[in-house]
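The structure that follows is given in the form of structure tokens.
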Amino acid sequence: MSGYLIPAVDGVAYGLLMFVAAAGLVFCFGVADILNLAHGTLYAIGAYTAARLADGGWATLVLALAVGIVAAAGAGGLLAGLLAPVGRRDHLTQALLTFGVALAGGSLLVAAFGPENLPVRIPAAVDRPVSLLGHPYAAYRLVFILVAAAIAGLLQLTVTRTRAGMLIRAAVDDAEMVAALGVSPTRIRVGVLTAAGALAGAAGVLGAPIIGPGPGTADVVLLLSLVVVVLGGLGSIGGTLVAALLVGEIQTLGVALLPGAAPFLLFAAMAVALAVRARGLRLPVPRRAT
Amino acid sequence: MTVSPRRRVLGASLLGVILVVAVAVPWLVDDYTTALLARTLVLGLVGVSVALLTGVAGLPTLGQTAPYAAGAYAGAVLAVHTQSVGVVQLLAGAVAGAALAAGTVPLVVYARGVVVLMITLAIGELVVTAAGRWRSVTGGTDGLAGFPAVRPLWGLPVLDSDRTRYLYTLAVVVVVVAVVLLLLRTRAGLLLTAARDDEARLRASGHPVTAYLSAAYLAAGAVAGVAGTLLVTAQQYVSPADFGFDTSALLLLGVVIGGAASIRGALAGAVLVIAARDWLTGQFPGSAPLLLGALFVLTAYLFPKGVGTLSAATAGLFRSAAGRRPAAAPSGPAPAYRSEAEG
Amino acid sequence: SGCAGDGGGTGSPGTIKIGLLASLSGTYQAVGTEIRDGFQLYLNNHDGKLGGHKIELIVADEGNGAPTAVPAATKLIKQDKVRALTGIVGGGSVAAVYPVLTEAKIPFVGSNGRPELKDVSRVWVTSYLSEEPGAAIAPHVRDTVKGPVYAIGPDYQGGYDELRGFTEAFAKAGGKLANPDGKTRWTPFPNTTNFTPYFAQIKASGAAAVYTFYAGSAAVDFVKQYAQSEIKDVPLYAAGFLTEGGVLNAQGEAARNIYSVLNYSPDLDNAANRSFVAAWKANHDGSPTTYAMASYDAAAVLDKAIGAAGADPTPEKINKAIEDLGQIDSPRGTWQFSKTTHSPVQKWYLRQVRQDGRALSNTVVGDLATIGG
Amino acid sequence: MLRISGLRAGYGGGTVLHDVSLTVPAGTVLAVVGRNGAGKTTLVHSVAGLLRPSAGVVEVCETVTTGQPAHRVARAGVGLVPQGRRVFSRLTVAEHLRLAAGSRPRGRVADAARWTVPRVLELLPRLSARLTHRGNQLSGGEQQMLAIARALLIQPRVLLLDEPSEGLAPDLAARVRELVAGLAAGGLTVLLVEQHLPHALQVADRLAVLDYGRVVLDAPAARVRADPTPVEALLSVATPDAATTPSPADRGDAPDRAVHH
Amino acid sequence: MTTDLLVARALTRRYGSLTAVDRVDLRVNAGERHALIGPNGAGKTTLLDLVGGATRPDGGRLHLAGRDITRLGPARRSRLGIGRIHQRPAVWPSLTALDNVIVAALPHRRVGPGRFHSRVRRPCLALLDEVGLTGGGTEAAAHLSHGQRRQLELAMALAGRPRLLLLDEPAAGLSAVEVHRLVDLLSSLPRTVAVLLVEHRLDLVYRLADRVTVLSDGRPVATGTPDEIRRSAAVRRAYAEAVG
């Protein structure tokens, strides 16, 4: 029994890490409905920053966090600039553009930082195992319990309570009518992508010790984030948190319980969960054209 | 459905020219290019099946690699063990692709938009994983090679050169695409377009929409299956890497670039993207991703029309997945759908 | 003879085209660049000549695997009309390129991947067969570890081969696996980024040591997580790639003390290696890896073979000459091609990650068996 | 005030509006009537900046707004109640109101004339019972009320109303007409699209008839009220070169049957 | 009893704590013109949704010509003869107007390919004419104005040759001529078609309807002939309350 304890706890920590990694995508895709396939690349910017700047001290970690956030936010803003001149703003066009940026940006990052996985040094205080109910457990992973809670709370508040949050949701429904209220939809989009970049950059810096910078980082982060965001029901932050925890447990506890099925677990669970939910929504005919 | 006769004549003659050039190509270029083109055509055919779902039926897919793989392995197994006749292999591929689609229909047809994208992605990944582990049939991740040469029909000579393999591929692709186009000119195309536009309205008019979507999904599966079998012939080798996520992503983007609620656009787009990737990899070793990425960004600007046609049509569906109303056309007000799904 | 232009393409008289295919983008870019640089280093050290002929090296990008490798190889063979092909990181890519090679009857002197193939008459590799590292270290593990050993590896062909080599030889040597069902535990590849659930299983199995094979970022994740897990004190044995090249740098402290088996280590004490390492360090940061070394050797093989193939080295003649090569003097020590598998019969070394000056590095701590073929 | 001169606009190459010139002085209501597809919505959208006209000038309170994006036009003081409501489906009624009330248009509004959320809710009490409903959970009429409330709360100086009474119950529609008249009396400039001629005449100071994208009549409402026949004729008789909407077969007895009740 | 086409018994639909349609009993006879009026938010559209199958009831039963259709989906109901236009016109924007009508007609007219032109296409063109959209219907529906879309949807509903036509505010947004045409069209419908009409233009309601049901807060407060309804104090109260 206790053999499953550590995986179960780890599932939580890993799930929260994924939520943090996905936060930027939760914001721009889930909430603001802008499909950003360069999300993983924004994360990688943060992660590379951490590899370059953090040297094992707290000060440099904070510095890395600041620089990573600014750099990724800048990249997010740039992305918004790239998206702006395109007439149609549907998901497939966004996918085309942002995927192109991700491809090109990925090679630029590799050109700048080399094709190797880079080491990331964190303060010794957290870079060690701590005893968790008698089992040694990587202390740094527990950090994500706090970070995820902070990000989830912040996002939820922003989206539901602030004027900016209302504007973002309104722009998803009808950008023209938002404009008719005197707010420029372009500015909303730039704001969203910049904020999403900042979130991704922060996640990249903090997540670097676990999902470290390397040529494959962007893809891994993007894929897991997409899974989490879509499974979370697109837009609900609570739902995304639950989805992240679910994916975390599937990847740890599920693997521990059904090791033989491990390669199939995540995607099988995802396909079935999404299909069941879609069917559940569809049968009583969800949409009504009044 | 209404095209002026003059445009029709123009279109037909353009098509004729393209066909003539396509047939003449292997005599104009070297073997490398011929082999490349054959492979590219195959992927173009998968692109057609992607467009059939994404553009026409409004089910954006990242999972057509699944029936594609099924068709490929069906063809490969036949080729290795018993059958070297092309049509038999193609038929087997079509059946295998459709069968795989049939097995996954309930997962796909109730979902919409991005959710479909993720479900099909999962299906594709599961099939690739399974293919990598089912070594006795698929040869595992190292793949299968060394197939006896194919003969298109009983009594015809075997295809043992790049040129003949290309021509065979071309012939099959042309036939399949023609069949798809003809089918879409019937009411089927009309119904799928309507389903994509507003399926609740289609239901309210008495149409069994789910059945239509299932049929489209099966048909697309069969087309991808045929393409899979062709891949075995054109490439002489299959491995799970042929059906990976990169392939699905490139095909989807190719279809987007092609601007393809139109099948022909999708074929062109997919062919373009794959050819660009292969060509760039060959010409600029190491910089291909950078250039390809830049190419994607550029096409979005240079061909807003191509990208736009499909986007306009699918935008609505993408949104309806989350119970949102379709994007408002710049002019007219669009309906504000209510949704219980959100409640 | 009258067929000078036959396989020669359009190069200037006497120039020979050689194709090198390696991952210059994507996941395996690090390995791919090492392979390219190793070959280039040999060329640079030999005036750009192999066997007395000026060489035009045409490099193509293998990308992430078969789908990109095939068109790139097809270009090298059918358009550039190279006389021999070298490189290729992935076993899957080799398998995919193989039909094109066979059709064109071009010899292939690979420097890394090597899948199972039916007919290897034109296929040579200077690296090793995937089973060999495990087979080489198994008797040693059997002798030093007091208790059962847990075998774990990635769920793809390379993983199967690597781990099979170990488990079969280990069983033959009388060893016992700690895995509950006696079978290797496979982890999904490349999707596994979190290994902690497996560590819990290893803990539960009561293993006295672990044997594994990972490469690239999975190797980084595995080692870093291992070092903070509840089995951090269980000795870890691995095929050398776990701590080879750049991954060791990324693993840092976490890799300390890991044992690995490989056919090469930069600190090997022989003349060929000293000059190879020196030349390498003149152009690159850090030490050469086994990938670079194998590619360097591939160039050496071609050098000798082209030299032996006469004034007009056709692909056919080059292939024949490789067959007759005999001993090759290499940074890893001398080795020769096996007559049956066309891969090296070579010596294997036991290495441990230890402090070397300021950095950690793989230090040879003993010789293992000479096997191969 | 609102001045439109020589306006030409259309979609994707096709021209819908031809040389439309209209002036609405501050404190008055211009009612625009015209058959389906005549171009009324196109006109409203061109003024609001949702559609870029290909020629002509739109002037709002002495500022030229032609070609400006919609949010600039809105900030210049133009409020819009669009045809088809277009409320935000994921925002609750309360959020709609807060969002609109929080926008900062240029120019000052006297406090007495200021629209506040309580004042709007007093005008449209039905909405206060639906504050927590999202836009897509409202009935058609409720959505219409919300669209009106939203436009009022940005404190417009020029109000564009595209069939604001569509879907409203009769007494509520009457109340909206009172509101419009009251707003104009308070100095607002109102452009009202209204299909139902008697209703349009109730509140309008001037009446314009749009037909096939041209202003075919622009007259003081009082004159039309005195003799509606020419307008009624215009509204039912189609021009012969009709492309999409030719004349009905039964035009003879149309007007009075259709408009009286 | 045999003339009952549609019978709703205790039909109920709740949205959270709000009961939009509250135990409504409703009978529509074959060929009857039955109007449904009431203040905004009374539940009229919800009731039409329940009849058309777009939403499922939380309680009550629904019979069409004696057959229990409570559990059937909208497609089945349509094929049983329920046609509908929506409060917000719902058309297929990327199809031409004519194709919209053809698609709406298809499930109701099974014809071989050879007869398609005469059996489907031509009647559909005629329908477009009848509702006032001419020019061959070659315009994409996306390019139609609001009112034109409403006309188009009416043609689509008629193309299904329904036994029961559900009309949700068909006159809203129509100009004077079009309203007139609509009235003519509806009065000229054969008596094999029953109509359940939701409309705020009471002049039209009184002209067209055989019977009127008044809904308020989800409850039917009165049913009767137009004359009875016009005089009813309850009706006036229901409307007055809505205005507050």
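The first chain written gets the first letter, and so on, giving A, B, C, D and E; residue counts start at 1 in each chain.
Criterion: contacts are C-beta pairs under 8 Å (C-beta built on N, C-alpha and C of every residue); 3 or more make two chains touch, one makes a residue touch a chain.
All figures in this text were calculated on a predicted structure; none of them were measured in a lab.
Visitor: Could you tell me which two chains share the largest number of C-beta contact pairs?
Guide: Here the largest contact count links A-B.
Visitor: Counting only C-alpha atoms to place each centre, which chain is farthest from chain D?
Guide: Taking each chain's C-alpha mean as its centre, the farthest from chain D is C.
Visitor: Can you work out the whole-Å distance between the CA centroids of chain B and chain C?
Guide: It comes to 37 Å between the two C-alpha centres.
Visitor: Determine the centre-to-centre distance between chain D and chain E, using the mean Cα coordinates as centres, and give it in whole Å.
Guide: Each chain reduced to its C-alpha mean, chain D and chain E end up 27 Å apart.
Visitor: Could you tell me the distance, in whole angstrom, between the mean C-alpha positions of chain B and chain E?
Guide: 41
Visitor: Mind pulling the chain B residues that touch 2 or more other chains?
Guide: In chain B, residues 129, 133, 198, 200-201, 203, 287, 289, 312, 323-325, 328, 330, 332-333, 335-340, 343 touch at least two other chains, as defined above.
Visitor: Any chance you could list the residues of chain E touching two or more other chains?
Guide: As it turns out, chain E has residues touching two or more other chains at 15, 45, 53-55, 73-74, 86-88, 90, 144-146.
Visitor: Quick check: what residues of chain A touch more than one other chain, meaning two or more?
Guide: 107, 172-174, 176, 263, 284-285, 288-290
Visitor: Once bound in the complex, which stretches of chain A touch chain B?
Guide: Within the complex, chain A touches chain B at residues 33, 35, 82, 85-93, 95-97, 99-108, 172-176, 223, 226-227, 230-231, 234-235, 263-264, 267-268, 270-272, 274-275, 277-279, 281-290.
Visitor: In the complex formed with chain B, which residues of chain E make contact?
Guide: 15-16, 52-55, 73-76, 78-79, 84, 86, 88-96, 99-100, 102-104, 106-108, 138, 142, 144-146, 156, 160
Visitor: Which positions of chain A touch chain C when the two form their complex?
Guide: Going through chain A, the ones touching chain C are 3-4, 6-7, 10, 14, 107, 110, 114-119, 121, 128-129, 135-139, 211-212, 214-217, 220, 251-253, 255-256, 259, 262-263, 266.
Visitor: How about chain D: which of its residues touch chain E in the complex?
Guide: Spelled out, the residues of chain D in touch with chain E are 11, 33-38, 41, 83-84, 125-126, 130, 137-142, 144-145, 163, 166-173, 175, 195-197, 232, 235-236, 243-246, 248, 250-251, 254-255, 257-261.
Visitor: State the interface residues of chain C toward chain B in the complex, per the touch definition above.
Guide: Interface residues on the chain C side: 24-26, 29, 59-61, 63-68, 70-72, 74-75, 77-79, 91-92, 95-96, 98-100, 103, 115-116, 118, 155-158, 160, 188.
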